[in-house]
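Mind looking over this structure? Questions follow.
Which chain is which? They are A, B and C, in the order written, and residues in each are numbered from 1.
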Amino acid sequence: MALRVLRRILVLVASLAVSSVVVFAFMAVLPGDPARVALGVNASPAAVAELRQQFGLDQPLAQQYLQWIGGLLRFDLGQSYVSQAQIAPQIADRLQVTLWLVITATILAIVMAVPMGTIMALRHRQLSGLALSAISQIGVAVPAFLAGILLITVFAVRLGWLPANGWTPPAQDPRMFVRQLVLPVLSLGLVQAAVLTRYVRSAVLDVLREDYLRTARAKGLRPLPALWRHGLRNAAVPVVTVLALQLATLLIGAVVVERVFVIPGLGSLLLDSVSNRDLIVVQDVVMILVLAVLLVNFLVDLLYLVIDPRMRDVR
Amino acid sequence: MTTPLGVEGGVALAQTAPVLDVRGLGVQVRELALVHDVDLRIGEGERVGLIGESGSGKSLTAFAIMGLLPEGLRASGSVRLAGVGFDLVGADERGLSRVRGRDIAMVFQEPMTALNPTMRVGDQVAEAMLVHRTRPDRRSAARAAVELLAQVRLPDPADAARAYPHQLSGGQRQRVVVAIALANDPALLVCDEPTTALDVTVQALLLDLVVRGVQARDAALLFITHDLAVVATTCERVLVMYGGRVVEAGSVQDVFTRPRHRYTEGLLAASDLDAVDHRGRLATIAGSVPSAGRFPAGCVFRNRCPHATAECASVPQWSGPSRAVGFACFHPAPLGAGPQDAA
Amino acid sequence: MSRPESPGYQPPTSEVPVGRGARRAVNPSLVVGAVIVGAVIAIALLSFVWMPHDPTLVDASKRLLPPGGDYWLGTDKFGRDVFSQILMGSRTTLFVGVVAVGVAAVIGVPLGILAAMAPRWFGEPLMRGNDLVLAFPALLLAIMFSAVYGGSTLVAMIAIGVASIPSFARLIRSGALQVMDTEYVMAARAAGRGPFAIAVHHVLPNVSSLVIVQASVSFAIAVLAEAALSFLGYGTPPPTPSWGRMLQESQELLWSAPRLAIVPAVAIAVAVLGFNLLGDGLRDYLDPKLEDRR
């Protein structure tokens, strides 16, 4: 088991190394010069040269990469080409906002999807189960940003119950924070719940067919307690897998949803940096997003070991 | 139909009320009947075999008795257990769950998948007792579980209790399933082909465990198998099923030495490795078991039976003193003759 | 013993297996999905021969007209006909989807077959790399491409296509691995057929149903990604109508004219629903054992 964990750590490190090269290379092949791009076409050659020197853009690519990655390891993400500000504190601020969205949306999705998917599985031959199935199918077809716009139209414009957009830090005004959080979290969470519900349904359907569930009932457990005690943990493996796979979608969904609700998160930073052609910030934000996805996949792999004892003895 | 008690046809029926009393049991999926009119009584401590090829409806009969039929299948008729005040057929889950695992327990065919892979073996045994509160608390249930694992002769029962199913062999897992089934000293143990998936060498040990287990508890046993030798070593009485119907019943001795129904006759001939025809080929029953719903009307065996006539297009009556002894065949094998080469 | 009229000894006739084809029930997902996808294609084709108005015609005198009369779904803030824009936008949606899925399939399918047929030392790292690309969702990749090359329909299509490669490769690899295990492939190998011939004659035809299913699912993702990109301003540049940009332009008018947001929103959702349902339906239709048939 220790060997397995060690292997997995090695895979994580290797994946991070490869993806950092990919992200860096992607930005390095950019036609044109980041310094000129940042300063605009009218900048004097002297100013461009100065900026290039300041950010080490005149050095060989390999050295630039090592400097960037070395900085990353020390939580130093460098300086913005455009505003010259330190990037790390900025990203930390924005990340906090995005994490609020993503984590609450994930919790909402799980809380909704597990009971709904289970009911759908238990009633998969009945009209109520099929109706829920159809609803979830529609939910899957609505992207988060679209849900956001529709939610604004209904709850902010028509009913006026909640603010249409904006962001207030929780420490500043907790009430306002919650009110502004509701709609973006709903738009991310509902869509996520719809996707997850379908996987919970099929996982529970699979478990319901398992022989050990019949054994549990032969012991005298009623169907629901049997499912709860014996099915839940076994159904968790595929569901957790999907949750991890969905994280990438959720993060990118948050990028667009932040735009819809004018929320100063990581996504807004990414999009603003793209418009400003502030490529070092783009590079950093993309790397942080990739890091988050790989890290969660790693944690999920460890979670498998906790959930399923069979995995502990593999290899 | 009244139950004739006493000694009949070499079968001694218990004088007291039977532990299990099944009357007119049927299993249907939508309009299609998979099991017809099964009558079965088992007395205290009695061991009864139910044999037939796969597809004969014997496992469905067992599941119907347990109230564990797969979704979409319905049971009809009546299933009564001694000491249980209601009919198990048509009973609600609340009532059934109180009976299952306490009064009636079951050992399944597939030991590899019958245990929860994410739960320790000891906990799975202890759970059987905790569900029915036959042990006051977790600790005593855990102790009892180790005790039961020792009874089914798992080496190092305390260690085994802490193991997960994948760490045990198939035979060991099946012994755990037996331990779960015997945990609450049930009045009736139903075994559905418990040795089919096991190595031959492990089979004998498991059979011995099952027989000792029920004998020690004075429990009745319903043993389902397609293996005639297994029935011969474990059971006193036997019922032969084919096409969802009981076609012959009686003492193991009678049925195996003087089969009357032509299907039983064929089955015995096919299992006899010494019996060969004039060309030196082993005996077989012609054709194969039809899939559900494709059995012929009338006698279900007539499309494979060498003795079938036009008469067999109607359902043969049961001939015999009771449903525990007799057969349903228009052209029974003559009495006194040994098993004949059916093919 | 045996009488002449005896029906015994007949070969069993009841064991004729029910053909897989006979059991293939056309499921509701397939029907609804096919109808929706068919409708989207029909609308796109219709837009080539007929549109009520020029979808790009700006007319300040006809700004924000309500639905009805000459303008079935009203006009937007520039006085353009919303209905015509939806018609025209379906072309963009399908065009981006076809190219993106084409890119993904043309690269992903051979990659998957290669990973399945190649020796372990080559196939394993290939799939590891493939999984790594999965960490980059289509939209993130598209935003990165846009940051480098600027937003355009072409960039969007390629980015979405590249991001869809891994899911193709992964699925096709697992399908191809199964085919490689079959006896006819072993027979072909024993007969000295080369790997390329086996890939083309045996593996590819047998994974084609997987390709079709994945294409439909990827198409739905492409439609979503295109809409999101256009919404963010990195997709199809004006004046070409696109459902995603219609949404973006409607955002400031949510209070006065919410229908401008709702109409393209419904169009996007229905198209995605159609491709998702079609994918699900095809999966059940082509491989019945996967879905619940009990």
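Keep in mind that, in the parts below, a contact is a pair of C-beta atoms (placed from the backbone, for glycine too) under 8 Å apart; a residue touches a chain by one contact, two chains touch by 3 or more.
Nothing here was measured: the structure is a model prediction, and the numbers come from that model.
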Chain pair with the most C-beta contacts: A-C
Longest centre-to-centre distance from subunit A, chain (CA-based): B
Approximate Å spacing (C-alpha centroids) for the pair subunit A, subunit B: 54
Centre-of-Cα separation between subunit C and subunit A, whole angstrom: 23
Shared interface positions of subunit C, touching two or more other chains: 294
Subunit B, residues touching no fewer than two other chains: 71-72
Per-residue overlap in subunit A, given as positions that touch at least 2 other chains: none
Residue ranges of subunit C touching subunit A (in the complex, touch as defined): 128-129, 132, 134-137, 139-140, 143-144, 146-149, 220, 224, 227-228, 231-232, 234, 247, 250-251, 254-255, 258, 261-262, 265, 268-270, 272-273, 276-277, 280, 292, 294
Residues of subunit A touching subunit C in the complex: 11, 15, 18-19, 22, 26-27, 29-31, 124, 137-138, 140-143, 145-146, 149-150, 152-153, 156-158, 164, 205, 209, 245, 248-249, 251-252, 255-256, 259-260, 270-271, 273-274, 277, 279, 282, 286, 289-290, 293-294, 297
Subunit A-touching residues of subunit B, taken from the complex the two chains share: 66, 68, 71-72, 93-94, 97-102, 105-106, 108, 110, 113-119, 124, 127-128, 131-132, 164, 166-167, 177, 180-181
Footprint of subunit B on subunit A - complex, ascending: 125, 210-212, 214-223, 229-230, 233-234, 307-310, 313
